[in-house]
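Shared between the two complexes below is chain A, which pairs with chain B and chain C, respectively.
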Partner chain A sequence: MIPADTALERVTQVPGIKGSLLISGSDGLVVAERLMDGIDGRAIAALAASLVQRLDRATNGAGMRAPTFVHLRGTGGSVLAAPGRGDLVLVAVATVDANLGLARVKMLDAVSQLA
Partner chain B sequence: MRALEPWVAAPLQTFIDESSARLILLMTTSGQVVAQHGFSRSVEVMTAAALGAAIVASTEELARVMGTQRFAALVHGGNRLSCMLSSFGTPRGRWIGLVVFGSETSVGIVQLFFDQMVEELVIAAPKEQPQRQPLPETFEDELNASLKELFGR
Partner chain C sequence: MTDDIKTLTARLAQEPSSLAFLELGEALRRRGQLEAAYKVARGGLSRYPTLADAHDLMARILGDQGDLAGAFDAWADALRFDPMRIGALKGIAFLYFRAGDVPAALEHLRRASEIDPDDPTIPQAIERVASGPSPAAKPGAARAAPDASATPLEAPPQGAHTNGDHGTMLVDGKGLRLHGTLRGPSDEDVGDRVAAELAGVSREAARTSRLLGLGTWEAIAVESPEGNLFLVPPTPETLLLTVRDASLPLARLGLIAERAAREAREWLARHG
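Showing the complex of A and B:
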C-alpha cells in the first residue's frame, strides 16, 4: 500500500505528464493533486469523473465490465484515467509527446497499490 | 426556465445544459426570486426561496461567529437528490443559487458550471441600477406579473 502523494509522484515523473490527481469518482472532487501551474484541477476532476461515470454506465449497458483504463486523446494532449478500488480515480494530464505506455503502466500500478 | 430579467436567461440556460441540474432557483439574499428552472408550483418556489435564504443567512452568521469569511457553498448530499446552496456577488447585490441535482451529475460538475454561470452573470449584469420605489401603487399588479412571468400562468 502506498499513500496518495507517492502515487501522484510516480505518475508525474513520467516524461510528458503535466500533472496527476486523485479524485472522487462519484462527486468529481479533488482528493489530492500534483499539477503544473495553469492547470485547473477542479475542472479536470469534475469532467474526468463525469467521463468515467458515463463510460461505466455505457459498458454496463452493453453487458461489459467497467473500464480499467480510459484514454481521452485530443489534439493538444491526452487525459488518462484509471479507476481504483472504491470510489477513487487516478487521473493524469499528458502532452502530445508524452510516454503514454509508461504512464499507463505507472498509473495502473499506482492505483492498485493505493492505501 | 423562467427569469424576471432577460440578461439572466443566457448564463442560466448554459448552466442548466451543462450541469444537468433538476431544479434551480436564483434569488436575492432576502428571498426574492430572480429566476427558476424546474419548479412547477409557485408555492414550492416561495418556500424554497425562503428556506434557502434563511439557511444562507444562518451559515453567514455562523461564519461571522467563527471569525472566518462566508462559506462559498453548502452541499447537502442525499441518496437520490442532493442540494447545493451558494451565495455570490453581482452588480445587483448578493444573490443566492439553490441547485437540486440527481445522480446523473455530480457535485463537482455542478460547482464547476455554477462558478462559470456566476462569472457570466457578473459580466452580463447591466451597470445601472433600476429605479427602486418603495411599494408603488401598482405593486400588486407587478407582483402578479412577476409570478406570471416565472410560472407562465
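Showing the complex of A and C:
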C-alpha cells in the first residue's frame, strides 16, 4: 500500500503529465493534488468527477461493471481518470505529447496500491 | 550463427534484463530466423510489457510470419505505450493500405508526418498510397506500400471489425438513438438505455476540454472489465459509441471507431 502523495508523485513523473490529483468521485472534491502552477485542481476535480459519473452510468447501462480507466482526448491534451477502491478517482492532466501509455500503467498501478 | 548474433546472444545471456533482446530479435528477423526472433521478442516483452520498442519488434516479426492480425495488435500496443511511435503508425498504415482502406492508411501516415516532418519516406509513402490501388488489389506491388516493416505481407488484417463486437451506435445530443445497435451481456439490445445515459456526455466532454484548455474534444476511451467503450463526435451534435470486448487493444478500438465515425458522417450527410 502507498500513501496518496506517493501515488501522485509516480504519476507526475511521467513525461508530459502536468499534474495529478486524487478526488472524491461522488462529490468532485480534491483529496490530494500535485499540480503545476496555474492549474485549477478544484475545476479538474469537479469536471472529471462529473464525466466519470456519466460514463459510469453509460457503462452500467451496457451491462458492464464500472470503468477502470477513462481517457478524454482533446486537440490540446488529455484528461485521464482511474477510479479506485471506494469513491476515490486518480486523475491526471496530460499534454498532447505525453506518454499516455506509461501514464495509464502508472495510474492503474498507483490506484490499486492506494492506502 | 553470424558474429553479430553470437555477440548479441552472449550479451543477452550475460544480462538477461538488458535491452539487447531488441537488437538480437531484429537481427534474427532480418536473417529470416523468425521462430528464434519470435522467442527472443516474447522473452523481452515478458520483461518489458510496456516498452513500445518491444511491441514494435514483435509486430515486425509477426508480419514476417504472415500473422497480420497479430502484427496489427502489436503495433496498436506499441502506439498505446508510445502514441508518437512512427514505425507503428507506418506499420498500421501499411496494413490498412493492404486492406484497401486508403483513407485510414493516409490518416496514419499524415499523423506520422506531423510527428516527424523531416522523414522523407513518409511523404513518399503518402504520395504512393494516394495515387494507387492497394498492393492487395495489385499483385506483385507490395513494395509500393509504406515500407514500415519491410515484411512480405500477403493479406489484409483479419477480424479487425468482428472481434468481440458488442455494437456501434450513433446517438443524438438528446440521448436518442439515430442508428446502430448495442448488445448487452445476454445479447439483449441495450442501445436505448445507453443512448439515454450518453445524452450529456458530449456537452460534458466539450465543457471539460474547454475549461481545462485541452482544445476541442476528440475522443473518450472507457475501459471496463467486460469491455471497452470508445466515444467520438462525428459531428458536434452527435456521438458515436463503439463497444468491443476488453481483449481488443484500446488503440485498435480507436482505429475502428475513427473509421466508424467517417461512415457515420457519410450516413448523416445522406440522411440528415
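Quick notes
Operating definition for what follows: the second predicted complex is superposed on the first by the 115 of 115 C-alpha atoms of A that agree within 3 Å, B and C clash if a C-alpha of one lies under 4 Å from a C-alpha of the other, contacts with A are read in each partner's own complex, and residues count from 1 in each chain.
To be clear about the criterion, a contact is a pair of C-beta atoms (placed from the backbone, for glycine too) under 8 Å apart; a residue touches a chain by one contact, two chains touch by 3 or more.
These figures come from a predicted structure and were not determined experimentally.
In the three-chain model built by superposing on chain A, chain B and chain C fit together without any clash. For the three-chain arrangement built by superposition, the Cα-centre angle with chain A at its corner and chain B and chain C at its ends equals 130°, in steps of 10. Once chain A of one complex is fitted onto chain A of the other, the partner contacts of A:58 are limited to chain C, with no touch recorded for chain B.
In the overlay built on the shared chain, the residue A:31 is in contact with neither chain B nor chain C.
By the document's definition of touching, of the two partners only chain C reaches A:105; chain B does not. When the shared chain is aligned, no partner comes close enough to touch A:2: not chain B, not chain C.
By the touch criterion defined above, A:68 lies against chain C but remains apart from chain B after alignment on the C-alpha atoms of chain A.
Among chain B and chain C, the chain that touches a larger number of residues in chain A is C. Within the superposed three-chain model, A:49 lies in touch with chain B and out of touch with chain C [touch as defined at top].
Nearest C-alpha atoms belonging to chain B and chain C sit 9 Å apart in the superposition, given in whole angstrom. In the superposition on chain A, the residues of chain A contacted by chain B and by chain C overlap at 43, 47, 50.
Put simply, chain A touches chain B in their complex at residues 23-24, 26-29, 42-43, 45-47, 49-50, 53. Residues 50, 52, 79-84, 166, 182, 184-186, 188, 190, 193-194, 196-198, 200-201, 204-205, 207-209, 211-227, 229, 241, 243 of chain C are the ones touching chain A in the complex. Within the complex formed with chain A, the chain B residues making contact are 105-109, 111-112. Of all residues in chain A, only 43-44, 47-48, 50-51, 54-55, 57-79, 93, 97, 99-102, 104-105 touch chain C in the complex they form.
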